Every structure is written in C-alpha cells, then in structure tokens.
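Could you have a look at this structure, given as structure tokens, before my questions?
When the chains are written out, they are named A, B, C, D and E in that same order, and each has its own residue count from 1.
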Amino acid sequence: MHLPIQHVFLKLAAIIQPWAAGLCILCFLFGLPIALLFSPPDYQQGDTVRIMYIHVPAAWMGLFCYGVMAAGSASYLIWRHPVANMVAKASAPIGAMFTALCLLTGMLWGEPMWGTPWVWDARLTSMLVLFFLYLGYMALGDAFDSPEQGDKAAAILALVGSVNLPIIKFSVDWWNSLHQPSIFSMAGVSVDTAMLPPLFLMVGAFQLYYVVVVLMRVRAQVLTAKIRAARLMRAA
Amino acid sequence: MNTFFILVGRDLRLSVRHRADTVMVAGFFAITVILFPFGIGPEPGVLERVGAGILWVTALLASLLSLDHLFSDDEQDGALDLLLTSPAAPTVVVAAKIIAHWLTTGLPLTLLAPVLGITLQMPSSSAAPMMTALLIGTPTLSLIGAVGAALTLGARRRGILMPLVVLPLYIPILIFGVGAIDTTGMGFDAGGLFAVLGGFLLIAAALCPWAAAAALKIASE
Amino acid sequence: MLGFGMVRAMSDQTQSPVTLGVRDLSARRGGRTIFEGLSFELQNSQSMAVVGPNGSGKSTLLRILAGLLRSETGTIQIDPDDRGAICFAGHRDGLKGALTVHENLRFWANLYGAAEPAVEHAVGRMALETVLDMPADMLSAGWRRRAGLARLALGTASIWILDEPYTALDTENVARIDTLLSTHVESGGIALLATHQAPGFTPTQRIDMADYRAKVPEGPEMDW
Amino acid sequence: MNTFFILVGRDLRLSVRHRADTVMVAGFFAITVILFPFGIGPEPGVLERVGAGILWVTALLASLLSLDHLFSDDEQDGALDLLLTSPAAPTVVVAAKIIAHWLTTGLPLTLLAPVLGITLQMPSSSAAPMMTALLIGTPTLSLIGAVGAALTLGARRRGILMPLVVLPLYIPILIFGVGAIDTTGMGFDAGGLFAVLGGFLLIAAALCPWAAAAALKIASE
Amino acid sequence: MLGFGMVRAMSDQTQSPVTLGVRDLSARRGGRTIFEGLSFELQNSQSMAVVGPNGSGKSTLLRILAGLLRSETGTIQIDPDDRGAICFAGHRDGLKGALTVHENLRFWANLYGAAEPAVEHAVGRMALETVLDMPADMLSAGWRRRAGLARLALGTASIWILDEPYTALDTENVARIDTLLSTHVESGGIALLATHQAPGFTPTQRIDMADYRAKVPEGPEMDW
C-alpha cells in the first residue's frame, strides 16, 4: 500500500547517507581535538570544562531525538504513516543512548563541580525521567503479541511523554537548581565565545551521527517489512 | 452525561462491594501512617520534615497499584467488551472510570490528609496547603495512570511496564506537590506552585481521557 | 410484549430499516490471515448462523462486526449506525460477581437507556425472578449464562451478535433463548449467532467459516 | 519434593513471563528509591536517618501488595481447583507458592538493598546488616502473608481485609528489622535482634504453610 | 496406546480395582440444601452421565467428589485412595494464558508424574501439534478447551470427573473427547461427566439430579 513512499524514502536515504556520514566524520575529526585539546580551559573549572563538549550536545540530542520520536508517533497515529513510525522507532535507542551519555558525563562533571555525582535536582531527575520514557517506549513496543498493537501503544506513550520536554528545558528556571542555566537566553550568550566553535562542531557531529544511524535503522526496518511481506506472499 | 453517572455509580458500587483493590486505599494510607513512624522512629524533627513527602509518595503508590486493575478486571470477565459495544462512547467510559478511581483513592487521601498529618507530627498549619495540593494533584495522578493502565492492558510483563510508563509522568506532580506544602510550611507564598499543579490537571484532563480511550481500543484488538 | 419490534412499532408505526452488510471482509490475527473474501447482507427479520470448526474465525468475525476488532480489509455497513444498535454477547458474560443479578441487569438497562418495565420484562423472559437478589458469583454456570443473556431481552438493540449463546444451558433454557431470538427476528431485528449446536429456530442464512479460510499454511509460519 | 520444585518453577516462570504483579517488585523498589528522595528532599542527613525505615516499609508494602494475587490468579482461571485435586498435597502447593513469592519479592529486595542504601545515602557499612536483616526477615513476610492471602481468598472486601489481617503480624518484623540495622549502624552488637528475627522465621516456617493450606481448603468451598 | 489401562497393565498385569461410591450424599450451598439422598457406585470400566436442569447441583456433586467441596452428609468411598487417582476438569480450564500450550501441558504432566512420551501421546490424541508453541491466550475457545482437556490424555488418573467437557467444541472435537472417554473406560477407568449434550459414547449409568432435589422451597427463602 505504502510502498511508493517507502521506495522514495529508500532512494533519498541512499543519497543522503554517505554525505552525512562523511560530514559526520569530518566534524568529529576537527571537533574532538579542538574540544579536548586546543580550546581554552575555563577560568574557574579548568580542564574539566571540556566535558561540556560532550555533555551539552548529548543533552540537546537527547531532547531532539524525543522530539522526533513524538512527531513521528503523531503522524503515525494520525495519518497511519508507516515510515513516520519507523523513524520514531529508530530514534528511540539513539535518543536513549544520548540521554545516557548526558547523564553519565553530567555525573562525571558533577563529581568535581558539586562534590557529588548525583543530586535529586529537577533538571537531573527530569532527564532521568526522559531516559525512563525512552525505555518505556521501547519496552511497550515490544510487549505485545501483535507488533502493530505495540507500535500504536508506544506511539501514544511517546505523545503523552512529550510533556516532559518543556519540563526539562525549563527546570532550571522553575526550581533553584544546582545546574547551569541555559547558555543561550534572551540576554545573549553566557560563555566565552572561544568555546563556541568546538561546541558547534560537536553538536554538528552528533546531529549527523543521528541522521546516519536513523537512516540505517529505518532502511533495515523497511527491508525487513519487505522480506516479511515476500515470505507471506510465497507462503500464500 | 447521564451515561457518565451510571458508569461512575457502577464502579463506585463495585469498589465498595467488591474485593477490589481500590478499597484498599484507605487501608493503605492507614498502614503507611502506622508503618512509617515505626520504621523511622518517633523523633519529632525527622518525621515532621518528611511528612509531606511520605503523604505524596503514598498517594503515588496507592494510585499506581490500584490502577493496575482499572481496566483489567473488566477485561477479564468480558465486561470491557460489553462496555465498548454499549451506547456509551469509549471516552465517556474511560472518564467515568477515572472519576470513580479518584473518588476511591485520591479523595479519601485528601480528606484523611489532616489526620495523617497529625500522626506524622506535621504542624496543623500545614493541613490547608496539604489538602489543597492533594485535591489538585491527585486527580492528575488518576488521569495519567489511566493512560498507563490502558496502554499496558494487553501487554506482556505488565507489572513492570506500568511503573515504567506511568512514574516518569508522576514525578513532576510529586515535586510540585511536596514543594507547595513545604513552601507554605516555611511561610512563603506557594501560589505559583499551586498554579502549576492546576495547569498539570487541566492539561491531563484535556488529553488523558482521549489517550486512554485510544489505547483501550488498541488493547481490545 | 416489549421487545425491540414493539418499541419500534410504538415509535413510528412502520418497521424502521435495519441492515448489516459486509463486503469482501478479511481478518488478521497473530500475524496470520484468519479468513478472507467474506461477504453477506442481512436485512430486517433476517438472521444468520455462523458455523465452522474450532479456530475458523467465528468469534473473530463477530467481534469485528461488534466493533471490537478491526478487519484487515473490506467494508462493513451497519444501519442504524448509532452506538447501541448492536448488542454483543461473547464467550464471557461480563457479569460482576459482587453485584446481584438485579443490580447487574439494571446497570445494563440504564446504560442502554431501557426503562424499568424493560428490566422486569427481561427478567420475566429469562425467568430470573428467583435469583434476582443473589450475587452473580453464587449462580450455577447455566443460570449465570441466562442472567448474562437477559441483556438482550431489554429490547433496545436491533442487531444481536451472539457468540455461542447456548453454552451451559439445559434444554429448557436453550428453548428460551430460541424463543427470544425468533421473537426478535420476527419483530424486525437482525441476529447473528456463532454456534456448534443447531439452534431450535431456523436462521434465514448460514455461513460456514471453513469456506473462507485464508490460503496460508497454519502453524509455525506465523510471525508474531 | 520433586513436586515442590515443579510448582516453584511454574510460579517463577509465570512471574517472569506473565503480566504478574510479582515482577512489579523490582520496579516497586526502583520507584521507592526514586520517589522518596524526591518527596523528602535531597538533604543527606535526613535521608540517611530514615533509610532503613524506608527499605523495610517498602519491603512490607511490596510483600503485602503482591500477596494479593498469590492465590487469586489461580483461583480466577480455575488452576487452583486443579492444583488442589492434583497429586500435590495442598501444603506443598502452598509452600511452593510461598518460596516462589519470596524469590520474586524478598530476595530481589535483599540483593538490591546495598544499591538502594547508597541511593538513599546510607553509609556503606550498613550494607551487611541490612542484607542480613532482610534475608532473615523477608521470608517471614511471605510466610505470614500467604496465610492472610489464603484466609481472605473467598472474602468480600478482601482489599481491606488483607492489610487488617496481615499487618499486625508484620509490625514486629518491621521493628526488629529496622532495629537490627540501626543498632549495627550505631556500632553496637545486634546479635540478639537478629536472633529474634531468626526465631520469627522458624516459627512462621513451622506454622504458616499448614495454616495457609487449611485456609485454602475452606476458601475453595 | 499409553492410556491409563496400558500403564496399569504394564505394572501389574491384572486390572487394579477402581471404585467410586457414594451413599446418601447431600450438599448444602449458600444456606440451601441443593440435593439429598444421593447414592451410586461405579466400578472399573463404568461411567456415569450426570444430567439435570441448570442449578440442580451437577457441578456441586462433581466438586464434592473431586474433594473441592464438602458434602453436608453421606459417605464417599474412593479407591485407589491416593491423591492423583482423580483427574478433575471443571468449567474453567486452568490454562495459563502467558504460557504456551506445551508449557502448560508439561507442567501438569510433571505434576502428575507422567513422562515425556505421555505428553507427546496426549498432544497426539488431542491433535494439538500446530498450536503447541502458541501462548494459551491466543487460542480460540474450542482450542483452549481442547488444550485444557489434554491433561486427561496424560493417562495417569483412573477416575475422570468432567464438568461439561463438550463446551465450545465442534463436532470433530466432541468425537475426539468421546473416543478419549471410551478408551479410558474400556481400559478399566471410571468416568463421570456432567453434560447437557448427549455424549457420543454411552455411559453405563446415568443420574438425574432433578430426582434428588431437596424438598425445601427454592428462591427468596435462602438464608445466606
């Protein structure tokens, strides 16, 4: 039924993927050394500030992936768009990974900065909640005897869970948190401008990595679906 | 609307008459209030400090555990099929069940809160903010929980899925709920926190019955 | 008598049209197509027996028609198209064991918008007078079934969809259900029933699910 | 004895595979550990002070709530009838269910206790006494709870009856269990308290399976 | 064939004696005497149909004989008197929906002490091969019933007590159960079955519960 769309998708993916992969590698090649070696140390934090170049992009990607997942789920539920669901499903593990990376680097950073790896602070907890939501999405999708049922249930959960995104975003403003407030705000940029190029390189690298992996995973799903359809046709 | 009251009435009757876990809630609170001073020891400073937290956590657990049966009892004996094929719209069925659930879990807790507060040695001035916070917050628990219960209805390993799905969404309510009580207790104005709780309730009321009804239709397949 | 036909007759004198038609229906469950290419149409006063061996998809078909499952392909046309036009009775009777028979029945009556006399009428039709105040879980299997089916006799639905209604009933009560069915059909209603027993009344149509079996192998191939 | 392991195996398999509340326990603990610091606030002194209490109360609640389904699932689908008419003696059936219940509730909690302790900011020296106390105490909870579950099986308003029947018997274990952890934590010898917990366990193990089996026979009528 | 008779025959060559007798039984439920003065005796290779209208006490009688209920008065004599001599199958089949058919069956086989070949044999007798790896709650009503009754075919029990075994089964499977029953009885076993359908094999005895109805008024008088 939806084969044309999937076909278009496969074609597009085949074009985009190598470019994205190449760019991603370039970003990492330039970004990592600059971030970890050549960028200036912070006047307060010293070299530990370099964790930021992993932590912040990971945090943003954690949020971004959930956004994609929620949008994909919505269009799957509303327009029954199978590719949208595949994108949502493919984003979940990547998002969970970035979220975990953010949590881990945050804990590593917290040890020297706050004297403790973990506090039950709103920003930290809502991020942990995001991680659980990812887990819940994946677990729920797998928990049904019929795959469609799981897909739909998980899609509903993704939508309902998206209320968590603003909570994460604004948690530092709503509660007096240990955590840094946003770098970018109405008032302008609050870090040394020398830190921005490596930060953006890393953000770009992570983003491109996401694009590459999502395309790979969706392609795999499309092909699996094709194979299954073919098997059923042959069996019939 | 009439249909709605018929459905609420039935669920209430069942939870009074039945061997239902919903009635357990009053017992559950009593237990908590008996057990915690035992477990924590009678030192007044400590108990008082954690009172609001204990109340809210209890509310969350009670809600979570009783929700497990919100739809599954009716599913087991076939009544859910009949309800979904009846003249009542699925959203109305879900909304009625949510209200009935709140009336048998959230409301008793809210009403008992002052008593529980005294037993947990909280200052009597905290009674009003406590009741207000619970009154606004507990319906949201029922609403969100119903979505979780419906989503996991046909699922395998449901026992572990329910908390995984529902709790992340409960945590904000817990934070604001406790915050509202404690802030008032410290003599500050907690209007903003109550407003946020109210906002959650409005959002949940607007979304959850539909989400749960949609999930229920999926589960019944 | 206050059956469906009566109610209709009182309201608009002429028999309102009732239709249940499906065209080219197929159903999928657990990753396997259960049946395909099924079409039929029922009009006022028509009834259909759905037969077929165990696992051939009778219950699946009835649940699809009742709106509890989605079909894979095909169209379903139901008229009148309002909720409550269909009364479904499945394998499980949905009685609440903690409530009395009367309470159970009254709940459904309220929900279906039937008046108190309709409840009394239903009680009479199913001869439930003696057990009205018993909690449903104290009933024997047959009585329980009968209490469950009393919902039909409330007379609000024009299309009855029954999945093995005769289960656990003795001959006297089988006859009671048969009478109920034939009165309903005679007064303009539609009835579908899946059963392994030959009903005591003669349905106007009959569909054998074995004829619509999907042409895929059963068993280990399914991909759930 | 062989029969016993077959029965335990089945219940374990069900609780892993099934939509069962028993598996919920791991989730339940995780929740508690996440929720309480939230509810109580992150101040280290307070949390540390109430850690043992929270752990034990959680154990009690988890035990109580999962016991609700110890027999009722099998009763609902007719399996209990078949078990009681099978070659397995009712006492063996009950004993197997109790062991399986402990393996899925008490044991995970005991094993998780050190981790939970850290999260609740308890000193790492408290890990050993905590685990010992839970290891001796939690089987007693399952044993006593099984009697309660069997006694209330056929009862109306079961949800409210269970806590009423079981909790008074749980409280001694709570008191001694928390006492044992806290006493060791303060650097004293808690041997006597552990011995009392052990004594409870022996008595419960000697009496409860028989009592529960007798109650079950009555309930099945 | 590896039915009960076979196992016995292998073990002691001669047919071991099996008896199920009751004398002057009466039963009370919900504060009301259901039946009274019931006596009968079954020996090797005898079988009995328990008939009677809904609510007459068939299930109650069978549950008493299976040891699940206590009788009010009367004596019951069962031989061999060990646990496991009786295999009971009630209205509900006790299958665990989360386990596959095979897992369900193997559990009962282990519990009854039947060996692996007995499981295979039972699977063959009930033709369950294609659904062995399906979770039981994915089965249709009739398949589920069949999977539940496969327990009988394990061949360990000498006395079968069946409450409405034919429910939800199609003709082919009704015949399957009939064959199972007659093989069991022929090889020296005893079978009791409550049913509203005439079984395809002829039980040697027949008891109508209506004949033993207690002489107290039915209905509102009950004092539960």
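FYI, a residue touches a chain if its C-beta (ideal position, glycine included) is under 8 Å from a C-beta of that chain, and two chains touch if they have at least 3 such contacts.
Predicted model, so just to flag it, every value in this text is computed and none were measured.
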item	value
Distance-maximising chain from chain E - centres being C-alpha averages	A
Most remote chain, CA-based centroid, reference being chain C	A
Between chain E and chain B, distance of the C-alpha-averaged centres to the nearest whole Å	45
Where chain A and chain E are represented by their mean Cα positions, the distance between them in whole Å	59
Averaged-CA centre spacing for the pair chain E and chain D, given as whole angstrom	37
Residue numbers of chain C (touch at least two other chains)	29-30, 91, 98, 224
Overlap residues in chain D, where contacts from two or more other chains coincide	17-19, 34, 38, 41, 156
Chain A: positions in contact with at least two other chains	125, 145-146
Residues of chain A that touch chain B when the two form their complex	77, 122, 125-126, 129-130, 132-133, 135-136, 139-140, 143-146, 149-150, 152-153, 156-157, 159-161, 163-164, 167, 174-175
Residues of chain E that touch chain C when the two form their complex	29-30, 52-55, 59, 91, 129-131, 133-134, 138-143, 146, 164, 167-174, 196-197, 218-220, 222, 224
Chain B contact footprint on chain D (complex, rising order)	17-24, 26-28, 30-32, 34-36, 38-41, 46, 49-50, 52-54, 56-57, 60-61, 64-65, 68, 76, 155-160, 162-164, 167, 171, 174-175, 178, 182
Of all residues in chain C, those that touch chain B in their complex	63, 66-70, 82-84, 86-99, 103, 107-108, 110-113, 151
Partner chain E, residues of chain D touching it in the complex	3, 6-7, 10, 13-14, 17-19, 74, 77-89, 220-221
